[in-house]
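Each of the next two complexes has subunit A plus one more chain, namely subunit B in the first and subunit C in the second.
Up next is the complex of A and B:
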């Protein structure tokens, strides 16, 4: 075999992974476009408007980058969980509760300690709250083998209501009419980059995904978690403490989701209002799958999705297509992802 | 405390419990059928949502609750058909597809509702109950249990039909085999694929009827995202019921009470924040899982696609 052949093989391999990634996106956009046509909207105008507002205008692009910050943290949390074979679908509850606690303590803390210390404490607090909120599903999974999909989802429903209770009663800011926590002053939030609205949380988010990618693919700890995920029985035979590793994977995943909540509050809002639930968690799930749990790929997809979200939000105001449409696109994306994966698998079986 | 036990409060609580419990019951036994056959149907929530939407539209435009239930069921079946295509025929990851269907259904129903009704929420007229003679005359209890739309009686009857079906018929045995040892079923000449297909379609129909019940009778209106976790509670019920339809019935009654407590406490004028009460059913799920979780039973081949000749 000469090197020329190997190169051709590599090129076709690359082309195939490119197709595997791009095809589901294109198919989802096309079918989503058909739905828009049925509803009497012009899909090309919609998509063009989304790209224009989310990517091509400078303010829109900044908003897009700011939106990636919480999404990246959530994605990092999901990468840990999924690589360890754990379906942590409760990231929304972990995210929201951490956000509420950060919003509650941020402003009072800022009056007694320096700003940088407040931000550090808030991140640690958020990580802890997130991890605590995953404790029950982790216990049920590790000790009793109860399916974590259900338990984490249930904990999210409880978490959303609990967050509202916390905002309305103990942490309510009496100075406002709408129930919300005390607002952190704009100058005390995460510092911004140069003259933009982009805050440092975006960089932290990028680092968190890269860190998780390194941790899971380049360290023995990550390998152990992956073994547990791939085959728990084999992991027991290999002498791994599966129960402990399950707790760790849950805790790490939820801590990262919680830090996503901190970054959204410290970077953008400064407060949490009652009934605020961005529900980023389930939306990020398909992106992490699309990237096959790969860090760099995840970053690219999160950016793509943030464009869609920010552009979609402007489009809903301007073109009258509600933001629910983005949900439809995500559902379609997941389905086409699965189909393309299947076809690729079949094709591979036939050729080898 | 004495106010809590007044007749109006207890009657409202029980009446609401049945109304809230029936969708859970339908979804729970639906999920049980598909889980028995080896398909973990995370898309149950999506099936209920589409059922609620199509069921509401049919009841609204045709002015008939029966057509509402029929179309609700068919709406659920349409989502189930996607589930069959992806998970039973192509053997794709059931969890990914389930999430996709739930998200997609959530977005699509909200989108369609927006374009159809914009920001108005038309209300259906109150349902005409079928009063069962004799038992319907029992004070209080008669009104709670026997002044109901016939679908309620059918749902409870279905539980006992399923007990018979699972235990006494080949259909039930085939279902169980498809979930536990699909290869054995295949060897006997019964198609695993068609067994699972029918099971998932049945799930879709029942979940859709459950969704339609929730919209048409429970709420009287359709609101986007209105299922709010009822489908996931249905999945928990099926998990805890260990294959017994009657256990789903008891569980649905229990969760029905805790869901109904929200409204009943408000009727009684108690000043408990709604958020606290909304946590109740989900907290109950977690408590039940902690107490009974170690006993939850799931078929051996659950969530595994069956490919002939593969080990």
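Up next is the complex of A and C:
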């Protein structure tokens, strides 16, 4: 009887998780569709075009996969932080600064050392830069209890400006008219898979999310971080070094975000132009939440989102919808995520 | 107990009459049939142990709780106090134990808070009301000073003003007003209370400190186990002397069923007290605190020069009213808090600088009283919580990798052994009842490698059955040779379980008493500060 009870409990729990994930997506798509109708566009055509260009066409699908690479690294960084109860919303600054530094040193380095060594050094450099950019929020949080949401956002604000300064003054390529760093030659970038445009960064991104998922759920280190995140007082009570773990969680999270920057530069762009800021971090935050910090779930949502981004770009051009309509969908998704979460919480309280 | 002999003195007008007030919470009778008159122009002390029902009673008067039975008569009319606003309108002002002022606002702004939002801030009339109250209380406070810059005593005066600001002219309730004050602050508070009494205000003064009650108050009512236990009139001029009065109050507060007057002096003769400590030949000291002091933040009670020794296998009780330094003592012993001076020894070895985990490795276990706040990680499973203090250790981790299957099967065994009622070992522990959470914490702390356990209020808030099982567990642990330090606010429990009892009062260990039936009064007078001068 007990096992029966547990089984029923698990099944309804699963069903509920499914609803919690699918409901916000459906609601966002429906309301987004209504907005398209108001704009005088055909929502069915828009969504169909998104799927067709983002998923069903071969070039579109490749572009989608390429887009997942930086998103996956950023997502991995967010999973570490969020599971440790740290709201590192500064991934964009960490990402961008790492990207700029990688772009600046990549090309010159490639002339003196082998290509594989340059790529390794660039990844290490990106991780280090990201981690350094999280030091101030980590110190303020660990030693003075300052809310990291504010400090990390501020650091991103500063980081974006600093990146521009770096591009325009010390790392500017004099050979170009637009301020940008020296461009890494296409053949020196991350190697590609077979005959596609998909580079190895996609594989690395997948691995980073899986690694982080394993780290957080199957190791003592991850469990320690989770305890700190879920109840810092309990962590002190259990004798954990909360301060040290806070630094580590910040560092690891920011290092992964920085590596996301490296992947984007070494895999796709080869250079950073002034005022370039894809702001992937804040786009990935709702996805990681939707997946409840679960690695596999996050991969699925990142893929879904990449389809939306790539397909959305073509669909917008074709139907005359502004390109940032994808952002409207993300905004709606976040809103409905919060509402569904709230309703679920209320429902749980009433039933237990 | 016929102690109301002094009622017949003068004719008093009642400010409030409580008639048969009862309040039940699930599983607890907080107030039972309390009948009490508060007279205009008197300072009325309300005394009682933790859990005696004082807080519930003043919450009812403040409009925070509604009584389940009984009536409240104010000025001869029966009133229903359904909300704090009703209480204020009825002329009852309350000053709670913890200061509830906004430190970044000025005194006058704090007093104007809670006014009608429709009206413009009217500083002029507020200022004249402020001057009036300053005159009434005979205090001087700068109305433009930020509350954060005032001393705790001054903040309390502002709190009293706020209670009087709207209403409070009939009855003023002060909930443990002296607990945060310096001796000078207590004297000033005494003046303020007397001024108000002269103006016909009835003051209900809730306290644990007998001497204060005796010195400041006109009448003293004692509650015990939620019921009215007696009343006394400290006749400052004649009749009973101070010592005699205080002794009588202690008896009302702590004696069993109020009929054990005769057993006070000969207690313990009929019980074979297991006393590991007394035999100085065979005893070995397991834990020793030497002149331990801590630094306290405002609102906390730190330790000053606490010393004691506990023998191996002994149950050492630590008694005291809540908030007399027990929390700091527990945390300093567990390694969660730094000590300022002094030394803590485990088996003769100085462990003062060892961390929580290092003390745990030496067999020290701490069962916290803040079960939900720091004891458990409520969103995580029962299984995780059962191993939360040994993350990374064998046998459930190898090279840092978690062996979840082993943890789950270990958890299932513990759930069975400790009778933890949970749907599954994977259920979030936060969804269990308080009693089952406590069982899980017992399971975590009383493991096979435990040598010294520090239990902080282990039965607090549990139902009778869980209390019994927790006590059995403590006894069983001691019989296995575990040294037990038992912090409790319940004297009956300490006397039942402990060999010796150290009593905490204002951060000091003011005495160590052999635990036997009949030592209640001695302990009671130590923990209320009555035996200090």
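Here are a few things to note about the model shown:
In the analysis below, the second predicted complex is superposed on the first by the 332 of 352 C-alpha atoms of A that agree within 3 Å, B and C clash if a C-alpha of one lies under 4 Å from a C-alpha of the other, contacts with A are read in each partner's own complex, and residues count from 1 in each chain.
Note that in this section a contact is a pair of C-beta atoms (placed from the backbone, for glycine too) under 8 Å apart; a residue touches a chain by one contact, two chains touch by 3 or more.
Since we're looking at a predicted model, the values are computed, not measured.
In the superposition on chain A, no contact is made by A:347 with either subunit B or subunit C. In the overlay built on the shared chain, the residue A:244 is in contact with neither subunit B nor subunit C. When subunit A is checked against subunit B and against subunit C, the one touching more of its residues turns out to be B.
In the superposition on chain A, contact of A:158 is made with subunit B only, not with subunit C.
Of the two partner chains placed by superposition, only subunit C is touched by A:219; subunit B is not.
Touching of subunit A by both subunit B and subunit C, each in its own complex, is seen for no residue at all.
Of all the residues in subunit C, the ones that touch subunit A in their complex are 334-336, 355-357, 360, 366, 368, 370, 373-380, 384, 388-389, 391-392, 397, 400-402, 404, 423-424, 431. Within the complex formed with subunit A, the residues of subunit B that make contact are 42, 82, 86, 90-93, 95-97, 99-108, 110-112, 114-115, 224, 228-229, 232, 235-236, 239, 273, 275-276, 278-279, 282-283, 285-286, 289-290, 293-294, 296, 298. Subunit A makes touch with subunit B in their complex at residues 35, 39-40, 87, 89, 136, 139-140, 144-147, 149-151, 153-155, 157-158, 161-162, 164-165, 168-169, 282-283, 285-286, 289, 322, 324-335, 337-339, 341-342. Those residues of subunit A lying in contact with subunit C across their complex are 5-6, 9, 217-224, 226-227, 230-231, 233-234, 236-240, 352.
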